[in-house]
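After this come two complexes, each holding chain A, first together with chain B and then together with chain C.
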Partner chain A sequence: MLGLDKKDMKFLLIVTFLTLATPILLQPFPEGSGLAQFNAGYPDLMQRFAIFGIFAIGFNILFGLTGYLSFGHAAFLGVGSYSAVWMFKLLSMNVLPGLVLAVIMSGLFALVIGYVSLRRSGIYFSILTLAFAQMSYNLAYSVLTPITNGETGLQVTLNDPRILGQQVSASGNVPGTHFFGIEMGAAQKIAIGSWEFTFSAGYYFCAIIAIIAFYLSLRIFRSPFGLMLRAIKSNQQRLNYTGLNARPYTLAAFVISGMYAGLAGGLLASMDPLAGAERMQWTASGEVVLMTILGGVGTMMGPVLGAGVIKYMENIFSKINDQVLHQWFGWLPDSLESIVIWAAEHFVGSGWHMTSGVLFMIVVIFLPGGLVEGGQRIKSYFKNRRGGDSDDPEHHPKQAPHVAE
Partner chain B sequence: MSNSNFTRRGLLKTSAVAGAGVALPTIFTASSAAAYTNEPTGGTVTLGFNVPQTGPYADEGADELRAYQLAVEHLNGEGDGGMLNTFSSKALQGNGILGKKVEYVTGDTQTKSDAARASAKSMIEKDGAVMITGGSSSGVAIAVQGLCQEAGVIFMAGLTHSNDTTGKDKKANGFRHFFNAYMSGAALAPVLAARYGSDRKAYHLTADYTWGWTQEASIKAATEALGWETVNAVKTPLSATDFSSYITPVLQTDADVLVLNHYGGNMVNSLTNAVQFGLREKQVNGRNFEIVVPLFSRLMARGAGENIKGILGSTNWHWSLTDAGSAAFVKSFGTKYGFPPSQAAHTVYCQTLLYADACERAGTHNPCGVGEALEGFEFDGLGNGKTIYRADDHQCFKDVLVVKGKDNPTSEFDLLEVVEITPAEQVTYDPNHPMFAGGNLGQCNAG
Partner chain C sequence: MGILEVKGVGKRFGGLQALGDVNLSVQENTVHAIIGPNGAGKSTLLNCFVGKLIPDTGSVMFDGQSLLGRTPYEITQMGVSRVFQTPEIFGDLNVMENMMIPCFAKRDGSFRMHAFESVAEETDLVEKAEQMLIDVNMIDKRHMHASSMSRGDKRRLEMAMCLVQDPKLLLLDEPTAGMARADTNNTIDLLKEIKEKRDITMAIIEHDMHVVFSLADRITVLAQGTPLVEDSPDKIKDHPKVREAYLGETQQ
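Now for the complex of A and B:
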């Protein structure tokens, strides 16, 4: 079905199920319990999971398949956001025109940047993309202020024309973003026992787009085009000797992944109509590299996992302050408590970067294949214990992981 | 590898699934039963403190957080009550807000609009915060203010000095206690003219973002009105740490005053560079070369060390003020943390109290009720003398302090001395002043 074989179809269905059930799965602890702090099932974070999942999936098409490490993908994210917000300002608060323009604009940007950057490979390519992204960032930050509103970020205001839609909502405010009447901000809370689940329209919109994006990427991975990209990754020189020109393929991959980034940027703006220049900063470009590596380069599920882990830490760990720590460790004797809290403070709250840094190091050192490799190792461990006739552990070279894992 | 086998049946199945998927969200559009966003129903009310814990303004953020914690203690009737005892409105009882115990959540804005909005959103959506406050940068404050307007909660701005916060980007749900760039200019210019003469030539270095621009425009307008001439105004990137290349051109002009429209780490670095280049000893046309820093804070003064001595600037509040409110606040802050509060701490403490008081007087946490109670509210006893929250733009009008880097500091906190207290009338402007025009408060939004 859908041009996928049985295994891929099963995989896609699992991903679809997980995505649609996210509001329930991410809310495992009852409200009011001490662990409710770790619940992540609120709309904004779930939307970010889906959106950065799309961003990472797109990045993986370039990095995972061709091996070209772009350090400037945040520029496309930013371009997408700005395009979408401009559509909200000029046309209407319907997200569709915004998303379409976001994808087109970021595609054009990617074409131009890719055309120049792809003349070089390896580290030079990375540096070129980084330079372009920083250039876009600085332009957005100051020179292009009339278009981007500089450091404050582009926002929708009451005075915007919005020629096709409502200029001012009935309550006298800026209307919310919507998809043909489905308000992105609408959410339904359902309480079951002491659990409370929030089902948000915005999240499901992002989730459905994310599933489509995932499906498209799966098709690209399985296509002859994908095979060609992998050939570029494994040995570009040999490919050149066979008389093939690799550049059109890499450029196509670059543009596709740029469009994914633009889509993610447009979605970010659709969920929260603001576009800031920080979205284009090199730290944002680095973040998607981290996400991909953390999850597992070249795998389908890895980048999405990585995106989830990093966004989870950024939003949940950074909110654990010493007040919360006192609640947790209040049962310890005072002197011990202050020591434990002093130590813990460096890893939560403003120190969440430390936790993510440690995690990243552990993954890179012990699981070079990312979290996906961790999952595979656990799986094979259990397989071996059951005594199945599994792969020979001494077999070299190691079998490449199935891309659908 | 590719197996495209699109059949009629397959297509039908797919479209049915996709159709169901698209239709799915429509069942979730029903709005919730609460009267307004995050109506507190239990015995507690949650406030969201959104401050920079990392990045260039982390010092200010940490001090703000301390003040918030102190304010929460005082609202809940713990500690010595601080400015609750001197505040002219007596609606607060020390039993929380409207009898509900005050709890709080914190977040890190990272001094980035995006991160700040994400953090504020999680406070509203996850923790049920009914009010968001904080921000140590105008860009962040404006972004979060916009979010609060959309989400239907009150935003009590912290350290934000740009004219735009209550000018072209003002919002019905947002309120600012801190003064602004226009007020700095209006308060500072007469003092500058009196001390340095009215025929000076000024050279501006300006941080290249909202606040810097409005600060530059304000001080330029105010000094030019008094006869000064502006030689040049150069924008410097916010991320710059070395300003040598911007200082050298100053030496080649006939300017005799350097205005540093910088804040935080920027100002510390640019001032240090300027002093290293010998600008303070320089003589132009037989007069001393002067440096002016329109917005001062004690934390910056500490960073700049020796270089700050004798330099003029303006500030919202300083701990050495001797009125009852300031004294009470400095005392309870000092008792708890062991050092005096900064102006950032002061303004956020006031904002928290003002919000709580407005809730009590309105008898509700509903943003529309609270907004109404704050609009046009006149109060005293919070350290700035008689103050009014103007209804037209939700800006506080109060006295502005003109300060000078102290020549002989007695301690590491005693770095600024108050030169003049500019009365509120002198810094009051029309809500439609060109520097503030183009905005629209809109309607209050209760979600």
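Now for the complex of A and C:
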């Protein structure tokens, strides 16, 4: 079905279910309980999970399959955001034209940057992409101010033409983004017992696009094209002497992943119609590399998981402050309490980077295959304990790992 | 007129004249061996055939077309396949995936954007790849990770990947270098089998005399960048010039 075999179809259905049920799954603690601050089921954060999931899925098509490590993908994220906001200013607040332009513009950008950068491989390729992204970032601040509005960032205002849509909303404000009338900001709160779930139109819009993006990426992974990309990572020499030209394949992968990044940028702007140059900074490019490696390079689920973990830490750990720590460790003797809090506060609040850094190191050292490998190890541990497979492993040739897991 | 015609090829690296004036003609459906002591320019010559090096002088014609200035993938698409000294395979992929890539390259050319088709649904190519694996006795290893196989199996796989493209000319660069005796004999058997079953032309560079004399129809001896003699294996064996160049002495 849908061009997928049974196993992949099951996989896609599970992912779809998890994505659609996210507002419930990420809200495991009742309101008002001490753990409620660990709930992540609020629209803004869930949208970020979906959007950065898309970003990472696209990045993985390039990095995971071909092994070309781009350090400049945030440039495409920025281009996508600017394009979308311009559509909101000129055409209408409907997100569709914005997203279409975002994907087209970032694709064109990726074509140019990729064409030049892919003349080199390895570290030189990474440096070239980094240079291009930093150049875009600096241009956005300086020469391109008429397009990007410099430091202030590009915003929608009451004076924008919006020739196809409303210029000013009924209440006299800038109208909100919508998808054919469905307001992105609309949300429905449902309370069950002491639990409260928020179902937001914006999240579901992002989620459906993320599922489509995931599906397309799954098709690419299973296609002859995807096989060629993996071959590029494995042995370019052999690829050449098999009669294949690696350049157009890598360029196509680069453009596709650039378009994914542009889509993510467009979605960011659709959720909050504002675009700033900081979205293109090298730290943002680095973040998607971390997400992909943390989750598992070259796996289907890894980048999404990685994006989720990093965005969760960025939003949840950074909220934990001194007071919260005092509540947690109040039961300790005073002298001990102050030492523990002193140590702990470096890992929470603005120090959340420390936690993510430690987590990243642990994963890279002990689980080179990322969180996905961790999951697989746990799975096989339980399988072996149940003794389901008592055959001598020596007599089983090692099966090639399935790229979808 | 041979399928591969090499005329007056010379190549210089700085002060070193790696190839002097090489003339060579590989006839269709024969195994032509190029032998010579270390530094004789065998690998340089081979690299001139596949587009890795461009000779300073001379011409290399394959099937009536010049190979000079073409990239390795273009030359491969013309029907020249190459087996490397150390087997070059896609180590991260399994055996079947390794086989599918040359099948796609043969059918679709050097690039095609088939991003929304499924590899598993290409039944014709899957069948072709499987048949090839049966031919080289590797079908039971089809799901194995290519990098986890023995060197002999890797060589076998590499050979299969070349043969599945039905090349007009197969170039082998010291196919048994660094192999144990058993693996060497295996490779000889495999090559003999290929030679008998298929209409294929092979040019083989080799150190191991045992391999050369059990396979070759024609032998060119290269020394210091120029061909010394070209003849049938029987005559080469006893040729005094060859003994001198190769062994550095004349046996009494």
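In the analysis below, the second predicted complex is superposed on the first by the 394 of 405 C-alpha atoms of A that agree within 3 Å, B and C clash if a C-alpha of one lies under 4 Å from a C-alpha of the other, contacts with A are read in each partner's own complex, and residues count from 1 in each chain.
Methods note: a residue touches a chain if its C-beta (ideal position, glycine included) is under 8 Å from a C-beta of that chain, and two chains touch if they have at least 3 such contacts.
Please read these numbers as outputs of a predicted model, since none were measured by experiment.
Q: Which partner does A:Asn240 reach: the first (chain B), the second (chain C), both, or neither?
A: second
Q: In the overlaid three-chain picture, which partner chain does A:Asn315 touch, first (chain B) or second (chain C), both, or neither?
A: first
Q: For A:Lys7 in the superposed arrangement: first (chain B), second (chain C), both or neither?
A: Neither partner.
Q: What is the contact status of A:Gln188 with respect to chain B (first) and chain C (second): first, second, both, or neither?
A: A:Gln188 contacts chain B only, not chain C.
Q: Kindly classify A:Leu227 by the partners it touches after superposition: chain B alone (first), chain C alone (second), both, or neither?
A: Touch status of A:Leu227: both partners.
Q: Touching A:His346, do we find chain B (first), chain C (second), both, or neither?
A: It touches nothing on chain B or chain C.
Q: Regarding the shared-chain residue A:Lys383, is it in contact with chain B (first), chain C (second), both, or neither?
A: Touch partners of A:Lys383: none, neither chain B nor chain C.
Q: A:Pro248 in the overlay: touching chain B, chain C, both, or neither? Say first, second, both or neither.
A: Second partner only.
Q: For chain A, give the residues common to its interface with chain B and its interface with chain C.
A: Residues common to the chain A contacts of chain C and of chain B are 3, 5, 219, 222-224, 226-227, listed in rising order.
Q: Where on chain A does chain C make contact in their complex?
A: 3-5, 219-220, 222-228, 230-231, 233-235, 237-245, 248-249, 252, 256, 397-400
Q: Along chain A, where are the residues that touch chain B in the complex?
A: So the residues of chain A in touch with chain B come to 1-3, 5, 39, 42-45, 48, 138, 141-142, 150-153, 155, 157-159, 168, 171-174, 176, 179, 182-183, 185-189, 198-201, 204-205, 208, 219, 222-224, 226-227, 272, 274, 276, 278-279, 314-315, 318-319, 321, 323, 349-350, 353.
Q: Where on chain B does chain A make contact in their complex?
A: For chain B paired with chain A, touching residues are 1-6, 10, 13-14, 21-22, 24-32, 53-54, 58, 104-108, 112-115, 117-119, 121-122, 125-126, 138-139, 142-143, 146-147, 149-150, 164, 169, 208-210, 235, 237-238, 438, 440, 442-443, 445.
Q: Which residues, counting only chain C, touch chain A once they are in their complex?
A: Per the touch definition, chain C meets chain A at residues 50, 71-73, 76-77, 81-82, 84, 88-94, 97, 100-102, 104-106, 108-120, 122, 141, 143-145, 148, 161, 165.
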